[in-house]
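Attaching a single structure in structure tokens format; questions to follow.
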Amino acid sequence: MSDSLTHLNAQGEANMVDVTDKAVTQRQATAQGYIKMSADTLAMITEGKHKKGDVFAVARIAGIQAAKKCGDLIPLCHPLMLTKVQVDFTPEPEHNRVKVTSLCKLSGQTGVEMEALTAVSVACLTLFDMCKAVDPNMVIEGIAVTTKSGGKSGHWERTQSC
Amino acid sequence: MSDSLTHLNAQGEANMVDVTDKAVTQRQATAQGYIKMSADTLAMITEGKHKKGDVFAVARIAGIQAAKKCGDLIPLCHPLMLTKVQVDFTPEPEHNRVKVTSLCKLSGQTGVEMEALTAVSVACLTLFDMCKAVDPNMVIEGIAVTTKSGGKSGHWERTQSC
Amino acid sequence: MSDSLTHLNAQGEANMVDVTDKAVTQRQATAQGYIKMSADTLAMITEGKHKKGDVFAVARIAGIQAAKKCGDLIPLCHPLMLTKVQVDFTPEPEHNRVKVTSLCKLSGQTGVEMEALTAVSVACLTLFDMCKAVDPNMVIEGIAVTTKSGGKSGHWERTQSC
Amino acid sequence: MSDSLTHLNAQGEANMVDVTDKAVTQRQATAQGYIKMSADTLAMITEGKHKKGDVFAVARIAGIQAAKKCGDLIPLCHPLMLTKVQVDFTPEPEHNRVKVTSLCKLSGQTGVEMEALTAVSVACLTLFDMCKAVDPNMVIEGIAVTTKSGGKSGHWERTQSC
Amino acid sequence: MSDSLTHLNAQGEANMVDVTDKAVTQRQATAQGYIKMSADTLAMITEGKHKKGDVFAVARIAGIQAAKKCGDLIPLCHPLMLTKVQVDFTPEPEHNRVKVTSLCKLSGQTGVEMEALTAVSVACLTLFDMCKAVDPNMVIEGIAVTTKSGGKSGHWERTQSC
Amino acid sequence: MSDSLTHLNAQGEANMVDVTDKAVTQRQATAQGYIKMSADTLAMITEGKHKKGDVFAVARIAGIQAAKKCGDLIPLCHPLMLTKVQVDFTPEPEHNRVKVTSLCKLSGQTGVEMEALTAVSVACLTLFDMCKAVDPNMVIEGIAVTTKSGGKSGHWERTQSC
């Protein structure tokens, strides 16, 4: 862990970190997040008439597309050529929420945790969009990196709860 | 509040809601969210050598830009011509977190809460990006709409905590 | 019908047509197209194990998103604020093809037939992408405007077959 | 040829195919398509006053730009770094149409036929846009991959007519 | 003329200016710029074998497309629906340069001079790109607003030379 | 130096240059430009109340983001995966201007001077946007490549003044 912010120079000016000399290795990251909603809203997208509907398909595509746009959304992220993006949804009725997880991979010079986090965030926002007319009180929470591997720092796994 | 999902038809197929006949009114929404980090990381961006640095400026710009891209990120959002986007940051050292708030406005046919939520989400992701080398355990949480006005449904204000 | 190309001046130079003084009216366009595939491929996406899968949902979202990007894809198209985009799929096993239709609407100063055509084209390309590993011989065909209304030229309806 | 759709898992959920372990090889694809128009419209863009105009130049640029945007347009396409894109036009007055062909190349882990198809499609749409005021009945047809090489599956060439 | 920067608040924080309450009026702006090159390079694109080539057509399209992307490129610009964009080129062999001019129009709540400047800048960059292999010493210069009208401040015309 | 334009074929048709067979080498380019403004405007962003404000931070981010979008802005540029982008500002009160410099790097098959030039151009445009309400007469000038290295042509350094 470095003791200063990698994107800022001594004058506090933010620039894109130089990764030109970093090795090309296989890199992978997973992230997760939750969208909390009322029991009724959750039932609406997981049971009955909307059960087989497009809700999760739309949010999955939005998350995948967003991972590819990460370098455009996050100003100091490098443009990357992801070789794999996956977004999954697990309704957790016991917690009145949907768990969203993502996996990103590439062979490259820098990690893909921002891509994984972006996929989760935008998938959550898309679920919010489709349910907001019935439940404006939803909350997106617990967006965090869960694992990360590849590169000099090797394998990292979240140990704190979120 | 409607009793079914506005974006889905009877077959569960998702399409963009028709707002052609809705009135053009002034609409406004605010949203908020938090990024939780270690006390050390928070100190690093709010005190001492990085205090006057670009950290919040970069995240603010990322949030504003993301609000403008909302129709491209969220598949069923309408393209909108925002007339105002504002993103603010309040360090909350007592909670080891930064509070992020946003305000979006337009004269248009549909609400701007997704734009406000997107601004907060991407501002949080950008703070994550700049601090991740020192603190990979950060968590983004509590992303929610706080107020909304304009349009047929009038003024709405969040009453539940998040 | 004009007797010269509206986007070109006397020197043959292409520029965006000036619509500043055109009235804001409700405009609407529909378009259609087909993707022809083998009977086996068509069966794969409409019956059996993939039947309830995401195939059409993904293509629908791609078409809707593309309609919103039309002004970015087609150099001389005006940026527009679509108020409605809809994309539908009708498998036609008797012709070994899927019919793709779209509907776009807005209140604005110029027509939306390019948006409708772009939605159909990209929806077809997305179906091609998902099926190409099993059927590289697919053909996209019959992409055409079917109706158009609003603006000075009023209602127009395709009379020729395609 | 695989016997199931590569982008869908057993639950029918669509995700980006994992190409992380595929070899980097030189890959190339060509595609073609047609835009059918009236004899008058075709004459307008190939003879007389518009002959030396920008019509084909604009459509060529649109096609090239679209090939670069393919990963953004087609949800499950990987982002790719194309090393060559070429788009050509051949007026075919005997068939009242313009033939559009494209060639895409890269050194990478996945094929470029979607990029070649996207270039052809958007070039056709751009011709449609510039001619639509004089000929709204145009039809885009016969969009197909013609050849493909590189990668595990080696050289492939279309044998069916389109 | 205001006596402080409109985009910054008292804390020096940059946000998008609020134009929600500004009147919708017809607005227009023109801008210009130059790309200086060697006499040989200029001759290459204006005479002989490349004379009827696509060079200016490509740069014109790039400029028009860039005007439409202005809100995405310039962080605090509002998204706008341009109703007209025009880009023109005048070779000035007596000065070894090409003059690039642009015109942007819309009915809206804020001016379009940034769109006009962006069109000129990107058209110049595109000419640079096409000529750089023969003339890496080119210089882009004199990019400025020439006229501006519409809105509260009325008609403005550049009086200083550039 | 080639004796004809690399992007045009014998018919004057512009296409993306084929770099498929070029070696992957470390490439780097620097560029510079200036924005000339009144002494008062320059003082406003470098002294007194706006001194510690976001002005340069916003322009820096805009320049970095634009470098990443270069392949989308300049029609015949290849998409590239930049490994480093840096943008710096030097107020030059003796010349009533701000000097903007950029540095871009990548390991790739083609040079990055267009990315460096685009970063400088858009950073200048962003400064223009933030200062235009107080000083509409600003001029952007002297945008040029200063050094370039990597690839077959090796190191190149500007010798002419600009």
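A, B, C, D, E and F are the chain letters, set down in written order, and residue numbers restart from 1 in every chain.
Please note the rule applied: a contact is a pair of C-beta atoms (placed from the backbone, for glycine too) under 8 Å apart; a residue touches a chain by one contact, two chains touch by 3 or more.
Only a predicted model underlies this, so the values are computations on that prediction, with no experimental measurement involved.
Following the contact convention of this document, B, C, D, F is the list of chains adjacent to both subunit A and subunit E. In summary, the chains found to touch both subunit C and subunit E are B, D. Put simply, subunit C has to spin 180° for its C-alpha atoms to lie on subunit D, with the angle rounded to a multiple of 5.
In a homomeric contact, the two copies may use the same or different surfaces; for subunit D and subunit F, under half of the interface residue numbers are shared, pointing to different surfaces. Each chain's centre was taken as the mean of its CA atoms, and the one lying most distant from subunit B is D. A separation of 16 Å divides the Cα centre of subunit A from that of subunit B.
The centroid of the Cα atoms in subunit C and the matching centroid in subunit F are 37 Å apart. Counting partner chains per residue, subunit F has residues 13-14, 52, 54, 57-58, 60-62, 65, 69, 72, 75-76, 80-81 touching two or more of them. Contacts between chains, counted with the stated touch criterion, involve the pairs A-B, A-C, A-D, A-F, B-C, B-E, B-F, C-D, C-E, D-E, D-F, E-F. In the complex of the two chains, the subunit B residues touching subunit C come out as 13-20, 22, 71-72, 75-76, 78-81, 108-109. Subunit B meets subunit F in the complex at residues 52, 54, 57-58, 60-62, 65. Taken together, the subunit C residues at the contact with subunit D in this complex read 1-8, 10-14, 33, 44-45, 49-55, 57-58, 61-62, 65-66, 69, 72-77, 113-114, 117-118, 121-122, 124-126, 128-145, 148, 156, 158, 160, 162. Looking at the complex, you find that subunit C touches subunit B at residues 26, 56-57, 60-61, 64-65, 68-69, 80-88, 105-107.
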